[in-house]
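Chain naming follows the written order as A, B, C, D, E and F, and within any one chain the residues start at number 1.
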Amino acid sequence: MKLKLGIPKGSLEGITVKLFKKAGFNIAISPRNYFPSIDDREIVAVLFRAQEMSRYVESGIIDCGITGRDWVLENNSKVVKVAELVYAKQSMRPVRWVLAVPNTSSIKKIKDLKNKKVATELVNVTKSFFKKKGIKADVEFSWGATEAKTRMGIDAIVEVTETGASLRANGLRIIDTICESTTQFIANKKIWQNPQKRKKIEKIVLLLKGAILAEQKVGLKMNVAKKNLDKVLKILPAMKKPTISALSEKGWFDIDTIIDEEVVREIIPRLKKAGAQGIIEYPLNKVIY
Amino acid sequence: MKLKLGIPKGSLEGITVKLFKKAGFNIAISPRNYFPSIDDREIVAVLFRAQEMSRYVESGIIDCGITGRDWVLENNSKVVKVAELVYAKQSMRPVRWVLAVPNTSSIKKIKDLKNKKVATELVNVTKSFFKKKGIKADVEFSWGATEAKTRMGIDAIVEVTETGASLRANGLRIIDTICESTTQFIANKKIWQNPQKRKKIEKIVLLLKGAILAEQKVGLKMNVAKKNLDKVLKILPAMKKPTISALSEKGWFDIDTIIDEEVVREIIPRLKKAGAQGIIEYPLNKVIY
Amino acid sequence: MKLKLGIPKGSLEGITVKLFKKAGFNIAISPRNYFPSIDDREIVAVLFRAQEMSRYVESGIIDCGITGRDWVLENNSKVVKVAELVYAKQSMRPVRWVLAVPNTSSIKKIKDLKNKKVATELVNVTKSFFKKKGIKADVEFSWGATEAKTRMGIDAIVEVTETGASLRANGLRIIDTICESTTQFIANKKIWQNPQKRKKIEKIVLLLKGAILAEQKVGLKMNVAKKNLDKVLKILPAMKKPTISALSEKGWFDIDTIIDEEVVREIIPRLKKAGAQGIIEYPLNKVIY
Amino acid sequence: MKLKLGIPKGSLEGITVKLFKKAGFNIAISPRNYFPSIDDREIVAVLFRAQEMSRYVESGIIDCGITGRDWVLENNSKVVKVAELVYAKQSMRPVRWVLAVPNTSSIKKIKDLKNKKVATELVNVTKSFFKKKGIKADVEFSWGATEAKTRMGIDAIVEVTETGASLRANGLRIIDTICESTTQFIANKKIWQNPQKRKKIEKIVLLLKGAILAEQKVGLKMNVAKKNLDKVLKILPAMKKPTISALSEKGWFDIDTIIDEEVVREIIPRLKKAGAQGIIEYPLNKVIY
Amino acid sequence: MKLKLGIPKGSLEGITVKLFKKAGFNIAISPRNYFPSIDDREIVAVLFRAQEMSRYVESGIIDCGITGRDWVLENNSKVVKVAELVYAKQSMRPVRWVLAVPNTSSIKKIKDLKNKKVATELVNVTKSFFKKKGIKADVEFSWGATEAKTRMGIDAIVEVTETGASLRANGLRIIDTICESTTQFIANKKIWQNPQKRKKIEKIVLLLKGAILAEQKVGLKMNVAKKNLDKVLKILPAMKKPTISALSEKGWFDIDTIIDEEVVREIIPRLKKAGAQGIIEYPLNKVIY
Amino acid sequence: MKLKLGIPKGSLEGITVKLFKKAGFNIAISPRNYFPSIDDREIVAVLFRAQEMSRYVESGIIDCGITGRDWVLENNSKVVKVAELVYAKQSMRPVRWVLAVPNTSSIKKIKDLKNKKVATELVNVTKSFFKKKGIKADVEFSWGATEAKTRMGIDAIVEVTETGASLRANGLRIIDTICESTTQFIANKKIWQNPQKRKKIEKIVLLLKGAILAEQKVGLKMNVAKKNLDKVLKILPAMKKPTISALSEKGWFDIDTIIDEEVVREIIPRLKKAGAQGIIEYPLNKVIY
């Protein structure tokens, strides 16, 4: 029996296909076709919106899928959370659903929203947020364009954001965070008990994680004289033992390691100063610890 | 006080802007801005999804707007239906919400759907359709991709279609029509009692109708000798009295009229045979009867 | 029985669809589908390359089609030439197949091509051209890129051109014209004897000709005082009797006529000088004499 | 001798080519070629930047050209201003060069700019503006990006604008207008004395003006009963005598006129109310009074 | 003397240029120019259609070129087959020319095609296929659009396909394979005897093969403790000896190897289970054994 | 205090952003925003034209920036030249400003330009070039389109070129080189004395150079038997000591080195002949010696 895998249609679609490619699976999506081809005979893929993915995983229409933690919560779905895959449309960071009001609004805190109108696509999560805070607000469903609505009589909105930049650009002020969300790989509870399907899911997740990690890492190689070896090794982050090999030229070593791309620009000048020579940085496809 | 006018974001957006342009109003939509500029100082425009337009008109957030009859029904909104504007994304015809099943399904009639799963974006209208028919079906909300769902365990879908072509291309068979829908210009009930705003709305609607009609009509002019005049006039549809002027050349007349573009290709050969000469067809911007 | 109509795939495709639209027939071509939809229930359309259209019309696979005179000659097809439709990819003029050599070649006249290599896609027409001239040249089939071949050892090429500009830009010199070609509407000989199909073909051709003519004409209207009437009328080309109507203001007339777009820019200054006032030019969809 | 005509490269380029097309001249610009083809054997066209057009017209390198009044002033060129052609990149209105400062600047009036830094592309005009006002400011040349410079230590900028919108969007406040500018057709002084070239220039200008006017006008036709004739005629603007013809149906008239597109949406409802029937609006290519 | 090299214009063009780039040669193709630039002074490149490449290689117009085995057969060209380069437009697999009929056809086997019409671009190969099978079919040349022809009276077609998907999508059933074809590097027979040119060709082919291989391989590196070394090495495919280096940390080794990209997703989970740590996968430009 | 860094707007913009990315800095430019975001909290970036960059660095409006040597000379700016970054729009080579005349011009040498008109955007550098040569030419500012001007009465032009190809394509002959120019990283003189800012600048430059070098290099790895080691090592360029490690298989070594991409295609065949096996080439992100 093939594994029925849900791919999120919409904002996560492109980046998800790219990650599967790096992980070793070629997914091809044709316009107006909801069944992408995938070059693994044990998998059948289907496109669903992130918003409803967890409902279909829960009811067993599909075995597993990729969606956001936000929509699992919204649908209150009983599913197995197999793994967090920290990636979003624009960056490798979690997204936030935030409560925002116009810059010019007199609303400063959550309690100012008592009896006020709040528009959002994430109605259930927002309602329970206000319930927990003990504030009675009028939360209603809104199909996007929420910013616009604050100028038309809606008091506050709850919107998803990666950096907050587009909210600020729309003249909105964030007053609280409703929930954080990362991308998740979820599975149906029964399917997870099926050893063969579970093993297949674990393989896919292992490779996806390897591909995500490789987006954030680079390889770094350099030549170091014996006398500088300790100094240089101290600068390298301790994440993974670097490979140190003796060069044919006596007293010299080759160091080969993997580091976070983010720190490279800080570390290279320091490595050079510490005596590293012929430093090269090279790209990676997968990193699996 | 300016008239607050809702423009439907999404599939009707482009064609709506084009019609307003023909009607004499330039609307400019910037990406990521929900307040299009419009070159009429008495109007402020805002973009809302067709799905929620009637809710905002009903609650008075906006004074009037353009949406589909389907969504007015779905939201069960109490609004004034000012005019039917028969246009859709691809054509100048109404759209239909149809009940469809896979070609290979054993379901043939509505009653076969008893206790079956039906996925649709138009949940309320679909539910009351089944209620009226006395059939108990399990109707659930679905974010698009409905065709795909029929291959994943959903028994039937209710989808919108202009020609049925894309449903057929997806291997689906239509078994009934849930509702027909045209584009409507709707207004808030209180606003409709405001004479100034009502007058403004009526002006806009008059011009929009003129622009829609002009899409379907062309001007036709020809020279006819006196002896052929009756024969030629009999061929011309009776929609509007043609303008007949005597030419300076004695015994000749010029006929100038407006006819449906659809019939031109049938009529021109007949006019020619009946003695019309120098037939020309010219385009129109507006037609107002 | 529907009329089977061949639409030329390739360079004439876009302009042909546009002309049918102006003529009143909407043809919609989907990528990778050779059967365009057409909004006339009496016609079924199919896409064939211009090169083979006449073969399929001759053998009766289709009833009629649009192609170039060049390919009818090349295939030596026995078909009915219903009408010349003077349009090409870039302009409303005939195209020419010309014999060309590199600028630097010593070949000046046709007879210099004795025993030389000539590459062309129009092999048969070229061969009979040389035969008529009594010159023995080695004519071989070439799949495009003919210009390139003159730099690789081919002595001359026979290529199609609208203006000669791209040949010149490729450093080639035209030494003779092999044949002129216009677009033609051709029909199968038997089908042409079928009164109903013939009538349908004649209708289509009448409307296509009306659309082509309208591309080259504009409407011109102006007010003229009685004393200037003769002067003004003398300037207007005699193609069609202008419509002259008396204005309500005594002594003034309105002239309404159709003229070639090409001459408008010469005529308007002269009309103005001759006393015409309020001259307006308007666009046309069809012109049928 | 051909007329050497300068076409403005850059922001006016597209709209200029479009106007010439409407005027009856087909100009084809190839990428990286400064000599556009034009289908008039008496003209040779060349592309120059608007900024330097008047210098080349003055020195006789070209006979005439199209540029902005602003650059004629900046270059202080001695040329003949043949005609104002009121069109710009986005609209049919003049543009303004305005003096602007950041919203947050303490500068309120021109005199606050004493000894301050002003960046602009229009250096000479700006300098003489300050001179006339008796204020000593430090005006320096800037290659665009002027808004950015106000955030980097430049006190004020002088920039061109059609509506002021992009300045406002960049957080700038307009404090004065340096000069207004429209598009102009200019000619070399000697060439203007040459009767043949002058006549050619006048012809071109007549047709360009006809095309510009047609952008702003539409044709309007309607049927009116005798008793309503006066009422209807009073509503129509007096720009041009409407053509009134008696219809074959007794007591009815056809009115055909030209009016500003801008007023159509106001006038049509009034015409209808006054008894006009079968009102149609049609597009125009040229309008020449 | 420069090496004259034919690059296939059309479906193989883009992928060929990309492979040469990976192989170390930058080819730049300008639109409408048949002589691409190449950054190797010993080569001159020319674009020919794959269909006629072998004819020009055979006659010596070019020294060598890239084309499909299919067209070498069709032209029956006497050329040297230097190397198979297994790549096609969409994949790194051979293509097939297949005999296909409509799903609804009564034709099931080749012998059912006796006296039937078969349309194809590969006329000669198809004719000899039928000859070998002892079946007399009427094979005629067709310019593409072959699928369409089966609906217009042609009984079968012979078309090229990579996966068969587009034939199935067009409602066709494959009944046999006429020939398989891979991309080939071919050379002129005389040129192949010229030691200098042959050496140059062999260099190019060596690098192209290195680039093709690199498309299918990736580098894989990992750390392994001594006790797991054998287990891990057994999992790695035996294609090439992995590089094993002792790490500075005693008892640990670094393994660096090259494996097929296709098997990575199967092998990584097994390597991890066998004790490999810090597994990284990196991309390759060339692989030469 | 943040480092104010000027990014060159225009032809160098795209390639500069790409290099910063490879160097480890993500710069995001929004349309119509002159302040790109950069993911380094110690830097604020601003877009200026290369033409005026050095003026703003000199006056201290920004601390440092990237521009061409040509514009530093033209503006005669007193700035610190921190580093040469040899990259241009199309290639990794310097550009040249050349003096060119039409092919058909009688001007052959610089001295023929006495009293002639020379148009250029690089007025000051050109003037001092002629001064040094002792030739009096009339040098005037020109806004691009210089080639066109040579056909309108300008005798010569001074234009920038990477390969000379576009000048030749425009029918121009190069008669001398005015100056060579490479991209430079320049800094304000005072800022350069500030130790913290200088250190920051040096870090950025180190990484940029690493990224530029990596564009021109690739990694090369191979297995070599002991007996072939010397032969193979002699073939490898001496730029950097290769890393040689003993393989676990006795008598075999792994060589890992960095070489110029340009020489790879020459070296690989020689390495193979010399006994290297399993040669792989891999891409690099940064190379820092």
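In this text, a contact is a pair of C-beta atoms (placed from the backbone, for glycine too) under 8 Å apart; a residue touches a chain by one contact, two chains touch by 3 or more.
Computed from a predicted model, the values in this text were never measured in an experiment.
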Hopping only between chains that touch, the fewest steps from subunit C to subunit F number 2
Spell out the chains that contact subunit B while also contacting subunit E. A, C
Equivalent interface positions on subunit D and subunit F, same or different at half: same
Of all other chains, the one whose Cα centre sits farthest from subunit A: C
Which chain has its C-alpha centre farthest away from the C-alpha centre of subunit E? D
Cα centroid separation between subunit A and subunit D, in whole Å? 52
Mind checking the centre-to-centre distance between subunit A and subunit F? Centres are C-alpha means, answer in whole Å. 37
What are the residue numbers in subunit C that touch two or more other chains? 245, 282-283
So what shape is it, when you link every pair of chains that touch: line, ring, star, complete or other? other
Pairwise chain contacts, counting only pairs that touch as defined: A-B, A-E, A-F, B-C, B-D, C-D, C-E, D-F, E-F
Contacting residues of subunit F [partner subunit D, same complex]: 4, 9, 32, 34-35, 46-49, 51-52, 56, 61-62, 142-145, 147-149, 151-154, 166
Complex interface listing, subunit F residues touching subunit E: 218, 221, 223, 245-249, 252, 254, 261, 264-265, 268-269, 272, 277-283
Parts of subunit A lying in touch with subunit E, wherever the complex brings them together: 23-25, 40, 202-203, 206-207, 210, 214, 219, 240-241, 243-245, 253, 256, 258, 282-289
